[in-house]
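Letters A, B and C mark the chains in the order given here, with residues in each chain numbered from 1 onward.
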Amino acid sequence: MATAERQAPARRSGANTALHELALAAVVVAAIAGATALLLLAGGYPVGRGLAALWSGSFGSWYAFTSATLVRAVPLMLTGAAVAIAFRAGVLNIGAEGQLLVGAAAAVALALVSREDPGLLALAPPLVAAAAGGAVWAGVAAFLRTRYGVLEVISTIMLNFVATYVVSYLVRGPLQEPTRVYPQSATIADAFQLPRISGAGRLHVGLLLALALAGVAGWVLRRTAVGFRIVATGENPSAAASAGGIDVRKTTMHAFLVSGALAGLAGGVEVLGVTFALYENISPGYGYTAIAVALLARLDPWRGVATALLFGALEAGAGAMQRDAGVPSTLVSVIEAALILAVVAAQAARARRLSGDSAVAIRPVNA
Amino acid sequence: MNDVIEPFIAATVRTAVPLGLAAFGELLVERAGLINIGLEGAILAGAFGALVGASAAGVGAGFATAALAGLFIGVLFALCVVWIRADQIIAGTALTLLSVGATGTLYRAFYGSGGAALGIATSEPLAIPGLSALPVVGTALFAQPPITYVAYLTGPVMAWWFRRTHAGLALRSIGERPEAAEAAGIAVDRARVMAILVGGTLGGIAGGTLVLAQAGTFAEGMSAGRGFIAIAIVVLGRWTPHGVAAGALLFGAASALQYAFQAMGWNAPYQLFLVVPYLLTLAALAGAVGRARAPAALGRALEARR
Amino acid sequence: MSELSTLDASLALALRDIDKRYGTTQALASASLQVRPGTVHALLGENGAGKSTLMRIAYGMERPDAGTLTVRGATVRFATPAEAIARGIGMVHQHFTLVPVMTVAENVALGGRGRLDLPKTMARLHELTERTGFELDPEAKVESLSIAAQQRVEIAKALVRDAHLLVLDEPTAVLPPSESERLLRWLRDYADAGHAVVLITHKLREALSVADDVTVLRRGRTVLEVPGSAATIASLTAAMIGTAIDDESATAPRAAEARRGAPAASRGPVFRAERITLVDTRGIVRLRDASFIVEPGEIVGIAGIEGGGQRELLRALAGRMAVASGTLSRPPIVGFVPEDRHNDAVLLDRSLVENVALRGAGARRGFIDWQAFASRTTSLMHAFDVRAPGARAPMRTLSGGNQQKLVLARELARDGAMETQAIVVENPTRGLDVRATSDVHARLREARDAGAAVVVYSSDIDEVLLLADRVLVVCAGQLRAAPMEREAVGRLMLGLHGDG
């Protein structure tokens, strides 16, 4: 079963690999720019101004880079790692969005009731709560999958909707701000806010946490026995169980929960570092974009840092495109979806090439 | 009591119609051994298509463009899954995302991002003489927009088609054992493509129903998960046309309960009612799967990822 | 050209100069086959010689890269099986193409057009039963039928469509000897009635007993086309195998004799089963009250027809399945080479190194030393003669034989923590060519000679008898020791004990 492309660790010489990766990245960036231009053209929008806005909004200035692109890349690194780990284990966790929301809600709830410990220690309870909240939310789907065989694709999407309503209820009810006017929570105290990185605008230390976790996740997958179990399970659960003696159920469950925790953490980092309060629509679809981030990174959380950067830039630029050139920001979703389809098609073509074409038309699933 | 029951039944049917239409479409696809997660995208595309068509040329045109939009998503899915042989779950998810993005973009581009309620022609209820005069259920069941009657007929027609035609037998065999169908001379890929296209079209029509027979307007993301609920209905209905019809009515009733409760004076937060269909979907999937048997080829395709 | 077509007009089926390539493999190269009406035509060849491919082309399931196909003199080009069926060609596949959950009548009706009239189909089936002596219950669900009965349904599908040429792909592979004989007799009658039969088989004796004509394929080429009367076991074997390979059957028994004289190992049995009962994944009892032992330094062969219980037995021995009752003592680590290697034993898209690392992955802790695994993989590849682009190559790029050898190497590994005292193999040479097959056999014997306990199951009785020091037969949940003699084993497989 190859639901997504997973190459054997590239073992060319170091320099060769880096060059290869760079070339690939350049191709991808060019493709995205080209696709955007085409879509702008098709929509009758000013292509030149649109692309210029896309650039200026993402990389055009230091402020744009730190406070628009990187700020958006941080939750994408975390949710991208979340999706990558899950997909690797063969768990199609489409619920990163809901897990993020629950994590955010948990973080805010704890920040509003916890006492203010000195320094960074104060951040621990809300962040832990965020991870726990995300894990629990994923756990519901994991339980349904393990016990009842419910397709996690459907259950996690259903839970996304439920999470949205839960947040909607919370910000109009138990967590609503004191004046009871606006559908949002009170602003969290300074002690619970992630410190900014000086000289980098709105960018906060959550970036360091995201980089660290993405790095650890990638390393675990590549170098540890646990990680190998995840990879083997996702690749072929039957062989993993039979030839590897791997407890497939336990492995997928763990991967699912860790995935949820990372996504929840993304939500926690967002509220503690960017929004400082809970309200509806705190996520512009990070959980869904994460799928594109992970797939494009070939399910490697560390490579996901780069693709998260790419998509962060895309979303930052999209905002600028809307402001400066009147281009709807939903265009980005189109590009993301097209990217996912392109990646999936490329993998299918590759698998077909390797195993030889068959005239017999049977299973469209890469099983 | 009557003023609670009648609106309740009417609301049940009204909610059930788009769910049922989409579910019938998905039923064809799943009996062919595939699963189209992009159904949600087809419904949303259909909704937007209805907006475009109805603004231009009235209700009939609205349904036609809705069907075409759903068909388009079906074409894309067929390309991904039958031609390129990409992973069907990821392809379906990507298509739903594509539809969300595309409909949102096109909506904002052509109708402004204000989101103001647009006035378009809607489908008026058409009372069936005689039947609509029945006590209690008359108006609720038989004084509905015409698309409702289309939905009523789809179930029996599909059941007949499955049991009494070679084409139906062929599709069933593809869903159970594609190798057997192929050896019998059946063009498996072609049949699957047809099922996907019809499924997408029905999904589009379901979206059209949302706009033309219910909301009267379009809003971004208005499908709100109905595609996934339809998939749950297929499972709940044990992959039979009559089961699907019953499942759709069940979901319709669950949603309609909120009106009944409100009429009876219950005041719970509105989110609670909105959440019910999604929780019900989870329960349906969890409860139903143990006893129901999926078409074997579909089961194999999904088992491969367990 | 015209001479050919007049010649062809008298042939039920003619394939000439057929080429077919899959990726880098040339499956068929100028292959040909000429079938006369009213004959049984045996198509022989080793696994992978191209027999099935050739007939799939005749049936419209594949398209040839080159060559011509004529049916009753008319040159045709089939795009789909439907066209072949319309031309009167019927095919009975090795793996049944029936829909288990549907009835016999529905399966037979499959592929028609327009309205479905099941009563009419059932009437036709009744008429067929009367005419040909075939036993069929039109309303039975296929999944409830025996293998032989299912095969009859497959044949009925072709007969109902008025096939004049019947192709059967290894039909006796899954049948017990008595049913095989029955089938072959029926085919003889069918041919005598004027129809043609193509019998794809690798069983020489069977072919000689019933065929009027014989064609032998080797590596995709037609190497021999003779009447049955002119063929002998020796000439057919020579044609099928080509280059001389050590005749295993000549040397092995002598080796077996030599070994039996050697002192038995003093370690005690490696496997000991006492009244074990095994249950499959659906809860059906597959083996009842079986007791046996396996000593170190011997090969125990398991024989049985499909569904007899050997599947569960092998997995229980290999530790992949628990016993439902009774006691089974086995070493903590048992190597296992399952029949379906692609699904159960390898990660196709990962490298050879990772596949080697798969063994023991479940219990491993901490970090993975990939360098160590890489060197272990290379030495395994060297020791077992596994041909591959390199240790980092994806498993998928290896040929079937090399994949199997690597799996065997991995499971037999005898270094450090991976000391293999026992290995269980299931149809280890299925799909492999002659050379790879004899390689695998040699490795199994080596393992045995080094003191391991080897349990081999093969659905090919001859392979079991060739390899094993002694044979156990599973039939309908019972396990019995069998004499090392073909007919005795066959009878036990059918559940007949004693004489008669």
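Note that contacts are C-beta pairs under 8 Å (C-beta built on N, C-alpha and C of every residue); 3 or more make two chains touch, one makes a residue touch a chain.
This is a predicted model, so every value here is computed, not measured.
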Any chain that touches chain C and chain A: B
Result of counting contacting C-beta pairs for B-C and A-B, higher pair: A-B
Chain A and chain C, separation of their C-alpha mean positions in angstrom: 47
Distance from the mean Cα position of chain B to that of chain A, given in whole angstrom: 29
Approximate Å spacing (C-alpha centroids) for the pair chain B, chain C: 46
In chain C, residues with contacts to at least two other chains: 61
For chain B, residues that touch 2 or more chains besides their own: 179, 182
Chain A, residues touching no fewer than two other chains: 360
Residues on chain A engaged by chain B in the complex (per definition of touch): 1, 3-4, 43, 90, 92, 94, 144, 147-151, 153-155, 157-159, 161-162, 165-166, 168-169, 172-173, 237, 288, 291, 295, 328, 330-338, 340-341, 344-345, 347-349, 352, 360-367
Interface residues, chain B side, partner chain A - complex: 34, 37, 80-82, 84-91, 93-95, 97-98, 100-102, 104-105, 108-109, 113, 178-179, 182, 188-189, 192, 220, 224-225, 228, 231-232, 269, 271-272, 274-275, 278-279, 281-282, 285-287, 289-290, 297, 300-302, 304-306
Chain C residues within the chain A interface of the complex: 22-23, 25, 61-63, 320, 336, 338, 343-351, 353-354, 357-368, 370, 392, 394, 396-397, 407
Touch list for chain C against partner chain B, complex: 61, 80-85, 91, 93, 95-102, 106-107, 109-116, 157
Chain C contact footprint on chain B (complex, rising order): 163-166, 168-170, 172-173, 176-177, 179-187, 296
